[in-house]
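Just so it is clear, A, B, C and D label the chains in written order, and each chain counts residues from 1 on its own.
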Amino acid sequence: MKYAIFVVLVLLLAAIALANPFILEPAGFLAFVKRAAPLVILAAGQYFVIVSGEFDLSVGSLVTVEVVVAARLIDGNEAATWPVLALLLALGLLVGLVNGVVTTLLRVPSFITTLGMMLILSGAVFLWTGGAPRGALSQTFRIFGRDTLYAVAIMVVVGVAAVLLTRATYGRTLIATGDNERAAALSGVRVTRTRILAFVISGLAAAVAGIMLGGFAGVSAQVGQGLEFSAITAVVLGGVALGGGRGSVVAAMGGAFTLEAMFTLLNLYGISGALEYTLQGVIIIAAVAAGAVQLPRLTPTPRKGDAHAS
Amino acid sequence: MLSMREIDKSFLGVRVLSDISLDAEAGEVHALVGENGAGKSTLMKILAGVHTPEAGTISIDGVPVTFGHPLDAQRAGVAIIYQELTLLPERSVAENVFLGREPTRRGMVDRSAMERQTSKLLLELGESTFGPRDAVGRLSVAQQQVVEICKALSVDARIIVMDEPTASLAEHEVELLYDLVRRLRERGMAILYISHRMREIFDLSQRVTVLKDGALVATRNTADVTQSELVSLMVGRELSHYYPPRAAPEEKGEVVISIRGAGNATLHDIDLDLRAGEITGLAGLQGSGRTELAKAVFGAEPFTHGTMTPLRPRSVRQAIAAGIGLVTEDRKAEGLALRQSVGDNALLVSRAMGRGTAARVRELLSRVRLAPPDPEREVRYLSGGNQQKVVLAKWMTVAPRVLVFDEPTRGVDVGAKAAIHELIRELAREGMAVLMISSELPELIGMSDRILVLREGRLAGELPPGSSEETIMHLAAADEAAA
Amino acid sequence: MSERVLGSLSLRMGPAQVVFLALLAVLVLGAIVGGAEFMSMETVVGIQQRSAALGIVAIGQTLAILAGSLDLSVAVLISLTSLVAAEMMESGNVAGGVAGALAVSVLVGLVNGAVITKFKVHAFIATLGMTLVIKGVLDHLYDGPAGRVPDSFQRLGYDRIGPIPVSALLWAGVALAVWFILTRTRTGYRIYAVGGDVEVARLSGVRTDRVVIITHVLCSLCAGIAGLLLASRLGAGAPTVGTDGGYDLESIAAVVLGGTALAGGRGGVAGTVGGVLLLAVLDSLFNLLEVNSFFKDVVRGVVIVAAVAVYVRRRKS
Amino acid sequence: MRRSTSLAVVAVALLAAGCASDKPTATVTASQGATAPQASATESPAAGTGEQSKFFVQADYDAQLAMRTKQAQGPADKPWEQAIDPQMTDTAGYKKSGDVHLCFSNAAVNNPWRQVGWKNMQAEVSLHKEITKFTALDAEGKDDKQISDIAELTGKGCDALIVSPNTTATLTPAVEAACQKVPVIVFDRGVETDCPVTFINPIGGYAFGADGAEFLVEKVPAGGKILALRILPGVDVLETRWSAAKVTFDKSQLEVVGVEFTDGDAAKTKNIVSDYVQRHGKIDGVWMDAGATAVAAIEAFEDAGLPVPPIVGEDQQDFLQKWKDNNLTAVAPTYPTYQWRTPVIAALKILKGEEVPKTWKLPQPKITAENLDQYLKPNMPPLHYALCGCETLPGFPANWGGKG
C-alpha cells in the first residue's frame, strides 16, 4: 500500500504509450525521465522537510535565483562554469540553512519562514540584476540539463543518495523527529540540527534542480514559478503525510514522476490549456482523499506543519 | 438507570469488545477494572458517543438511545472525564466549562451568565484558588481536573464516567476528589469509575465489573470480593509472586553516580548515590520534584549547581553519553514515535548517539519479552505494556549504566507489569544502577532495595526496603512545621 | 500605581497591539519622510482603497486559520466571483450579480470544507486542488475580462464619504461582522475551540466538521465579497485579478502578521486589520519613496518573518 | 453597519464634510485602438487553427496590415518620434510654462520587455531638463493597485500622467477619472475610452502576427506542418497576433498541427516542441506570438538532432544571436520597446501646447535576414530587446545590462 503511487504511475504511462508509443522506446522513456528529473529532485528534497513536519515554500524562487545568478556570474564564460556551480550549491545550502535556523531557533512556523524567504529571494535577485536576467549560461553548464544522459544520471545519483539517506541513521532520526519531536529529543536526537539539515537538503535539491532547469531551457526569469506547489503536491501524492513522521522518499519521487506523467498525458490528449488544471486538481484531491480513507486516524494527527506553535 | 447490552466493537477488523453488558444505578459508583487493552476505555468511549458500536444497545431509563457524536451522549445526560485532560489552554475556565454548550441570550453568547454559573460550580466544589476568567493554561493539573469536573456537572449529567481521574493528582487532591465523587453519588448520579488502583475501588465503589481481552469477566458487589480475588479475575490467575526478589547485599556494586549538594529551580541540596545492582526507589507526592529529579539526573532539566560524578550532564546527549537513560513518565508524548516501527523506536537512541545500528534488535525485543518480537510493526498498534517494553529496548541498545524509571508501569496492565518488574530487576542484577519513581507505593515497596522520599524539592529521608506505606506517606506529606 | 498599570499593560500587550504600534511607527516615519504629501487626501484614500480587497479576504482567511485550517483558493475564487458578478450584472441586474457571486462562494466554501473534513484531506492540498479546479474552469470559460457592471454598482468601488471610501466601509463592515461572530456567537467560540484542539472540541460535544465547514464557507464568502468589490473597481470581471493580486499567500501573510497563530486557536480580527493596514501603509511609504518593487518584496518578506519571530518570543517569555 | 448611533453621527459628519466620488460620471463607449472585444469577421474553414478569437476586429486588422507599408512621418533615425497616418489633435488647452512634474502609472516591470522599456523611459526623462520631478508608481501587475495608483497620482500635482495599463477594460474607469484632472497619455495597451490626449503604440498585434505567418507561408512548402506557440490566452495584444496569423494560415496551404500555450516558460516550450517533433516526425515551421521562448524551441530541434525549420521569433538578443550563429531561416516581428520613449516626448509636446497625433502609431519594423546585423548588438544581455532605440541614450549600454 505504501507504494500505491507506482500503480497509478504505471497506469498513466500505459495511457501515454497508447497515444505515443515512443515512450516505450529507450530514448522516449529516457526523455520522459529527463523531463521529470528536476521535479523528482525537488520532491526528494521537499520530502525531507515535509517528513520532519515542516514546509518549504521557497524552493520555486530558489530555482529562479539559481538560474539568474548562474547566468549573470558565468556570463557566457566557459571557464567560470565550475566555480559558479560550486557557488550555486553553496547558495542552496545557505538558503536552506537560513530557513532551518529561522524555523528551529527562532521558532517561526516554516510555512511563514519559507514564504518570507520566497519573497526575499525573488525580490533580492532581481534587485541585483536590475529586474531581468543578465548574462548567459555556458555550454558546459547547460549540459547537465540538456543532455539526456547527464540529466538522468544526476537524477539517479540524487535519488539513490536520498534513499540511502532515509535508510541511514540520519533519515530514521529525522522521521522520528517529525513524528514525535519530544520523544526524539529525550532519546538524544539533536532535533534542531536534524531539522536544519532537512532544510539544507531541500535547499541543495533546489540548487541542483535549478542547475538542471537552467541547463534544460536556458535563462528565464520564471523558471521556478509554482515549483514549490508542484513539489509539495508530488510528495503528498506519494503518500507522505503533511505534518510529518510518515512516508517514504521513494514514493515521494514516484509522486513527482506521476505528476509529470499526468502533465504529459493531459498534453497528449489535447486537454491542454483549459480544463487541464481542473482535472489535475480533482486527481490530486482524489488521490490524497483515497490515501486518507485507507488509513483511519487512530491517534489524532498533528494539525499543521508548524510543530512549534504551542 | 443506564443499561448497556451486548456491545460489540472492532477496529481495523480486530474485535476489541464482544458481548459486553453493563448497568449503572442512580446513586451508585460502579467501578470498571481490567488490564490495559481489556477494553475499558473503548467501552466508555462508546458510552460517550466517540465510537459507535457494531452491535448492542444502550438504554437510559429504559429508553434505547444511539450516540453518533459526543453531543448526543451529552444531551442524554452522559458526561465523561477523560484520563488525559480535554481542555483548551488558550481559553478561559468558563469558556472551557461551557464549550459546546455556551448559553446564549438573543442569539449572542451570554458571557456573564457563563461566568456566573462557572463561579457557582467552582464554589460548590470548594474551589477558590482560581476564577472563571483565568486562562486554563495557567492552572495546575489538579486545578484543571476541577475544571473538568465543573464541565461534567454543568451539563446536568446524570451519568458520569471517570477514566482514571486520580492518575495525575497529588494525594491530598485525591481526598478532595473522593469527597466530590461521594457528593455526586448522593445527588443521585450514576458514576462509572475506571481505575487501576485497588484502594480507590474498594473505597468508593458499590459494584465492580471486570473486563478482560474485550470480554466481560464478572460483575460483583465490591463488598463481596477481596483484593486478590479481584486481581485474579483481572489477570485470570492468582498472582502469588508479585515482585521479584530484592538484591542481596553482595549484589550491590560500586557507586556509579554520586550527587552532592545539587539543585536547580525546583530541586535543592540533593545528595544521592546510585549503586550498580541496586534499585533505588523514589517516593514523593505529585509536585514534590520526583520527575524533576529524574530529568535533572538525565540532563533534560539539568542541575544548575552542585556536583555530580562522574559528570553533571548539561544536556540529554551528555547524559546518554555518560551512560544514563530515562524511561519517561508519559510514554506517548515523550517516549515513542508512535507511527514508526518497533525497530526504529528501539534503535532511536543508538542512532541518535551515533552508536551504529544494533544488528540484534530482534534478540533485544525477545529479551524485553515483546510478543511477538516483530520489529516491523508500528508502535501505535501495541498495547501500553508492549509499548513500554519497546521503550526499555530502546535504552538497552546503548547499555546504560544508570537507568531512571519514571512511573514504569503507569497505564500498563497487570500481566505486563510483572514482566517489566522482572526485567528491571534483571537489569539491576546485571550491574545496572536503577532509580525508580512510582506513585504506586506497593510497587515502590515491592521493588526497591531502598526508598528515598522527596518533599518540596528536597530529600526528606531514606527508608529501608519493605517499609510500610504509612511510613513513606508520613515522610512525604509531613507538613513544614514537623520537618 | 500608574507605573504598575503601564507595566502590566506592556506585559499583557497582545500581538494585535504590537502590530498597531508598528503601524503607528510606520505612519510617523511616513509623516517625517513624506510630510504633507504622505498625509494628503490622495495618500490616505489610496491606503484605504489599496487595502480594502486584501483586507476583506484576510478577514475571511483569519477565520479559516483560527479554525486550524487555511485557504489557498481565495485568489482564484476572487477572479471567479468577479466574473460571475460582472456577467450577471451586464443586464443591469445588480442584485442578481451579487447573489450569484455569493452563491458561488458559498458553494466553493462548502466543497473546501467538506473535502477537508469528510475526506480528511489536509487543507493545504484540498484548497490547492480547488485552486487548480477553479483555474481550469476560468481558463476554459474566459480569455480576458468579461461582463460589465453598471455605473450604479461601480459607486461601491469609487465613491467615498469625505476621506473614507465606501470600499473601506465595506471592509470595516465585514471586519465588524466577523469580529461579532468570533466574540459573541457560539460559532465563534467553537472556531477557537476547533483551532485550539480539534479532539478536545469534539469530545466536548462540538460538531467539529460542521465548524470547519462553516469557517470555510465564511472565508469563501469574504473572498466573494472581495471579488464583488474588485468587479466594481474594474468595471468588469477579470480571470486573473485574484492571482495577480496574490491574495492567497498575501492574505495568509497579513493574518500571521496580525498575530494570529498559523496553527489556529489564537488571534483575531483586530490583528488582521492591523496587519493589512501595516502592509498597505508600508506600500504607500514605498510608493512615496519610489522604491523598486523588488526591494518591496524583500522588505515584506523580512517584516513577515520578523513579526512572527517576535510574537513567538513574546509568548515564550 | 447600523451598530451604534455614534457611528451614524460620524457618518453624517463625514457626509457634511463632502461626499465625493472618484468615479467619473460620463461613460464613454467609443473604443480606441485595436481593443474592442467584439465581432468576428472572417469565417474560414478551420485548418487546425481553431475558432477565430473574439478579440478579432476586421477593420482594425485591415488598417494595421495596410499601415505596414505606409511611410511614417517624422525623423527617419528616430522611429519613436515617427507617426503613421497621424490625425493631429489640439492641445493648446494644456499649455503651461515652467517646470514639469511628470507622473507615470506603470502596470508592472515584471518581464524583460517592460524592464527594457522602463529603462528607456527613465533615460528619456533624464534628457529633458524641464522635467524637474518624475513620479512613477509600479502596480506590480495588479489591476486594483493600478486603479489606486492612478487615483493617487492625480492628486499629486502632476502636470501630465502617463499610463501603461495592466489590462484594457478594467483600467478604463480609472483612466477616465484621471482625464478629468490632468492630460493623460496612454501607451502600449489601450483603454476603452478616447479621453486620453493621445494613445501611443506601434502598429499592433495583427501586423506582428501576420509578419510571422506570411514569412512561414513563403518559406515552408505547401502541406508543411506548422506548430503555433502562444503564451497565454486572453491578453488582447497576444490575441490579435494569433488571430492575424490564423487568417494568414487559413488562406495558405500549410497545416497547423497544433496551437499550444507555453505560459512563456522555456522548459514547457521545449517539452511541447519535443512532443510534437516526436508525434509528427517533423515540424516544418514554428510560429510564435512572442519571442521569449524562441531559443527554447530551437533547442528542442537541436536536442532531437533535427535541423531547425523556419521559425518566428522576436527582437530578443538571445534569439538574434542564435539566428546569426546558426544561420537560421527566421524572422523577428517586433513590438519595439522604443515606444516607452514616446510618451515622455508626447507629454512635453502637450504641455507646450503643440499638437500630437490622437492615435500615435509608431512604425513596427521586422527583423529579417537582410537587416539582422543592423539590430544585433554584441554584448547585450540575452533578454535584451534590440528595438529599444536606446543606443544614444545616456547610460547605454551599462544601464541596460550590456557591457561597454
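Following the convention adopted for this analysis, a residue touches a chain if its C-beta (ideal position, glycine included) is under 8 Å from a C-beta of that chain, and two chains touch if they have at least 3 such contacts.
By chain, with names taken from UniProt: A = Autoinducer 2 import system permease protein LsrD; C = Ribose transport system permease protein; D = Ribose transport system substrate-binding protein.
Treat the numbers as computed from the prediction; the structure is a model and nothing was measured.
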More C-beta contacts across C-D or across B-C? C-D
Relative to subunit C, which chain has the most distant C-alpha mean position? B
Taking each chain's centre as its mean C-alpha position, how far apart are subunit C and subunit D in Å? 33
Could you state the distance in Å from the CA-based centre of subunit B to that of subunit C? 45
Between subunit B and subunit D, centroid-to-centroid distance (C-alpha), Å: 72
For subunit A paired with subunit C, centre-to-centre distance based on mean C-alpha positions, whole Å: 29
Residues of subunit B whose C-beta touches two or more other chains: none
Subunit C: which residues touch two or more other chains? 139, 199, 292-293, 296
Residues of subunit D whose C-beta touches two or more other chains: 109, 233
Can you tell me, using the touch rule above, whether these chains form a line, ring, star, complete graph or other shape? other
All chain pairs satisfying the touch rule are A-B, A-C, A-D, B-C, C-D
Interface residues, subunit A side, partner subunit C - complex: 55, 102, 106-109, 111-113, 115-120, 122-124, 126-127, 131, 229, 232-233, 236, 241-243, 273-282, 284-285, 288-289, 292-293, 297, 300, 303-306, 308-310
Quick check: in the complex, which residue numbers of subunit C touch subunit B? 184-186, 188-190, 192-193, 196-197, 199-207, 265-266
Using the touch rule from the top, collect the residues of subunit C that touch subunit A in their complex. 68, 115, 119-122, 124-126, 128-137, 139-140, 198-199, 249, 252-253, 256, 261-264, 292-302, 304-305, 308-309, 312, 316
Which of the residues in subunit A come into contact with subunit D in the complex? 20, 22, 28, 31, 35, 71, 129-136, 146, 213, 216-223, 225, 264, 267-268, 272-273
Across the complex, what residues on subunit C touch subunit D? 37, 40-43, 45-46, 49-50, 53, 139, 142-145, 151, 154-155, 157-165, 169, 173, 176, 230, 233-236, 238-241, 244-246, 287, 290, 292-293, 296
